[in-house]
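Heads up, there are several structures right after this.
First chain A sits with chain B, and in the next complex the same chain sits with chain C.
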Partner chain A sequence: MRPFLPIAAVLAVLAAVPFVVHSNTTLNFLVVALMIALAGQGWNILGGYGGQYSFGHAAFFGTGTYVTAILQVRYGVNAWFGFVGGIVAGAALGGALGALVFRSGLRGSYFALVTLAFAEVLRIIASVAPITGAGVGTLIKLDLGIRTFQFQSRAAFYWIILALVGVSLVLAQLIERSRFGAWLIAVRENEDAAKALGVDASTVKTVAMVISAAITAAAGCFYAQYFLFVDSGIAYGTWISIEALLTPIIGGVGTVFGPLLGALVVKTLGEAAKLLTGDAPGLDLIIYGTVLVLVIWIMPRGLIGGLASARKLMRREAPAAPTGEVRHG
Partner chain B sequence: MAEPLLVVDGVTCRFGGLVAVNAASLGAQEGQITALIGPNGAGKTTLFSIISGFVRANQGSVHFAGQNVTGEPPYRLARRGIARTFQIVQPFYGLSVRENILVGAHLHHRKRDAALAVADQIGRDVGLGEMLDRAADQLTVAGRKRLELARSLATEPKLLLLDEVLAGLNPSEIRDIVPVIREFCRRGITILMIEHVMQAVMSLAEQVFVLAEGRIIAKGTPTEIVADPAVVEAYLGRGAAARLGARHGH
Partner chain C sequence: MLSPAILIPAIINGLLIGAIYALIALGLTLIYGVLHIINFAHGALLSAALFAAFFAFRLLGLDPYVSVFLLAPAFFTLGYVLQRFIIGPASHGDDRNMLLVTLGLAVIIENALLYAFRADTRTIDVPYAFQTINLGFTFLAVPRVVGFCAVFAVAFALWVIMTFTDTGRAIRAVAKEKLGAQLAGIDVAHVYAVTFGLGTACVAIAACLLIPTYYVNPRVGDAFVLVAFTIVVLGGMGSVPGALVGALLIGVAESLSGLFLGESLGQIGIFLIFIVVLLVRPSGLFGARA
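Now for the complex of A and B:
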């Protein structure tokens, strides 16, 4: 149970926020940040733990969004089932793509390029296919209610996305301490050495991609319910591929809390840059980009990695008596 | 004699025009230490890569424990009980020594606690007990060789392929690690080792195969091998045996 205490603590604190903060703008900001954290956690499973840097997680986000919306609008499926359908579709897509890509031995920048191209192809298809609403997009009819998964209160959405983030944190923690996780990390560190130790690398990576895709798709499903609208640029646009990989990289790649921390920091930074520059167009993006580059430069292992090194440094400066802590790798 | 645990039969491997291994056959008798020696570039590592599934042979077969395992992927061979070390060590640099060994231990232990217990035990057995919490990239060359050995042992193999685990070590480090290898053989692991350090080959191996330019040119006990003119020629060049013999005559 002990490894889950930090997760419980973080969730408890975040869950209390709507009792203190009543501003819709702030809650809206947090909902979006958590949604990005969820998408980022998906990326983190495959990219952070498995070392497979995808540049096309929009493929999964967008599939979640579209499937949730289309099932409701065109097939009259209940919104909650639509939501689950979106996750399943994302996972299936991840499995198919993973099986294809990893079995043919694509790695590194080739993998990144293939995922990028894949998401782009989906975007183009979605922008012309009748079922997605083509250029017009798909609008989910406003119809408040629990049954329709539509809420007046921002807080309700906030708690829902927080719960999803919570599930993703627990999942990451479980993976980190499981045999599957050890194998996945081994593949990231050195694929040949992993194979020699009995790791079926392509299956491990494919399973990671299924989990990864499912989590990022869940963020997409949530998007559909929250904004009630989707078009090809939103669903399969590069913006989400970038946010999904940027947040874990900033927060700490291959760590449980990296994506959440990264999303909160990156989103806050974006808002702060906007406030600071007023309406000078583009200036906020320049500030935003500069700070991101600096963070990556100073802390290549992200904020969490940077904190860990700082703590180690401080400990070395004060070599106190042995702390008696038990480390389990 | 019983059927050897490992039987390599007529294996040939070409890289473009280069024949790295040429119709090579060898066997490793269960419970014994067998050595594979030969000059640089003879094809020893390539032969190991074929046995462990990393390289496909163009011809020939590999049988393990009576079954034809030719062309099986590395992970499946590892599950059958074939473990290998790499001549150029391949640690998981980002992980601790314990986590490195843990990956191997997980092959037969799903539960983290059980695998950790195995990893710690093997770490101590190979003399890395003090280093378990260190990052793998902090180890010395000798430490990395030990880690390479520990990780493959943690998969609890039947057959262990050691590719020059003594290379780059000083004499005292070699003296430390030779008994470790002997001890694991005593526990029932069959060992096939590539080794240039002849002193270690002489003291450890019961059978020696000599590979030169891709071919097996001699096999026998270590004492037979060092007296074999073909072996001396392979190492020192054509005519060397005759010249040495002549000098002995005077």
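Now for the complex of A and C:
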């Protein structure tokens, strides 16, 4: 149970927030940050642990959003089943795409490119197909209630997204400690060597992509319920592909808490920029881009990696410390 | 529908627009061939170059065909500086980091343009924008013919640089065997930056050829670059003849599918070609190996 204690502690602290903070603006901010953390955790499973950098996680986010919304609006499905449907659809898409891409041996630049193009194809299709509401988008009718998954209070949404983030943290921790996780990390470090040792690399990567897609799709499903509106630019836009990869990279790529930490930092920076200069178009993204470049430059292992190296360095400077290797200065 | 009177002009127009694609794709493939990464900032740099050409015309009164001689060196320098002092040092020699840094730069450049100039679409008026050449059976737009010829001139110039100059030899050496080149005394960081500069200069030239008949807004580069990605993948990553042939093929395919299917579906057609080529033959038509 010990490895799960930090997760429990973090969740307990975050769960207490609505008892202290009553401002709807702040809660709204935290809900969005947690949603991005969830999308980022999805990216982190495939990108962080598996080393496959996707530039098109919008494909999964958007599929979750659209399926949740369309099932309710067009087929009258209960919102909770719609939510599950969105996650399943996202996972299925991840499986299909993963099987195609990894069987043909695409890696690195090619993988980034094909995921980006795939999200873009889906965006164009969604912007013209009648079932998605084409250019107008799809609106979920406002109808508050537990049955319809719509709540007046921001706190209710907050606890739901927090629970989802909690599940994703536990999943990441389980993967990290499992045999599957070891295979995945082996593929990231050296795919050819992993294959030589008998790891079925393309299956491992495909499974990682299914889990990754399901988590990011869950964030998309939540988006649909929270904002009750979706169009092609929101669902499949590049903004979510970028935020999904930005959060784990800034927080600490391939770490359990990286996406959560990254999302809180990134969203705080975005808000601070808006407060300082007014809501100018593009400004938050300029900051995200700059932070992305700077973090890779200065702290390639993200904030968590940076903190760990700093701690190691401090311990080394203390006279009584045992000699350990310090490789990241 | 299939009468030659409609098909032939469509094909010729496809070839003319394909030439501009070729120039953009040439920049991408050059960078990929040497640095082995895809430059995701290519589209944002194209948007920036279009803005530069636009303001050179509006503020300085420079015709795009004149300002190209200023913008090409300026963007070469910009590309050199970006690679030498930002992308190179920031990515610590890791390919995945390099991809992310170019993506980060793309986001910064694109949104800086959006922040500075808003999402408005701008155009310039040049006297020759609507001039045509009468071939008897069809009319050719003058700016497109100029573009077509210019692209082949640039491709020829690149070939000369690559084949006959020391810099070109150094670039080819680094592309083939980075470590060996380094051991032979070639400054790899410098060669990387020169290559990135050349790729960026291609984009600036393409912008000057496009602006007389096209518009500019902060996201205009994206559409071209997704087409350029397709071309590069189709032709084979890193292959210069592949980029040229791929571009002309895609230009014609786009022109014909626009004729038969309409605009937005034509775009999907290009992406489908892209994904199918990536999945079936990632090395492309001319590429040796993925």
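We adopt the following convention: the second predicted complex is superposed on the first by the 304 of 329 C-alpha atoms of A that agree within 3 Å, B and C clash if a C-alpha of one lies under 4 Å from a C-alpha of the other, contacts with A are read in each partner's own complex, and residues count from 1 in each chain.
What we mean here is this: contacts are C-beta pairs under 8 Å (C-beta built on N, C-alpha and C of every residue); 3 or more make two chains touch, one makes a residue touch a chain.
This is a predicted model, so every value here is computed, not measured.
Contacts of A:310 after superposition on the shared chain: neither chain B nor chain C is touched.
Legend: residue contacts after superposition of the two complexes on their common chain; A:120 is shown touching chain C, with no touch to chain B. In the superposed pair of complexes, A:282 makes contact with chain C only, with no contact to chain B. In the superposed model, more residues of chain A are touched by C than by the other of chain B and chain C.
In the superposition on chain A, A:105 makes contact with chain C only, not with chain B. By the touch criterion defined above, A:293 reaches chain C but does not reach chain B.
After overlaying the two complexes on the shared chain, residue contacts for A:182 are found with chain B alone; chain C is out of touch. Once the two complexes are laid over each other on the shared chain, residue contacts for A:146 go to neither chain B nor chain C. Annotation: chain A has no residue touching chain B in one complex and chain C in the other. Of all the residues in chain B, the ones that touch chain A in their complex are 52, 54, 73-76, 78-79, 83-84, 86, 90-96, 98-99, 102-104, 106-107, 110-112, 115-116, 133, 151-152, 154-155. In the complex of the two chains, the chain A residues touching chain C come out as 51, 53, 55, 100-101, 104-106, 108-110, 112-114, 117-118, 120-121, 124-125, 127-128, 242, 245, 249, 280-283, 285-286, 288-290, 292-294, 296-297, 300. The touching residues of chain C, when paired with chain A in their complex, are 32, 36-38, 40, 86, 89-92, 94-97, 99-101, 103-108, 110-115, 118-119, 218, 226, 229, 233, 237, 264-265, 267-268, 271-272, 274-275, 278-280, 282, 290.
Those residues of chain A that touch chain B in the shared complex are 177-179, 182-183, 185-186, 188-190, 192-201, 327-329.
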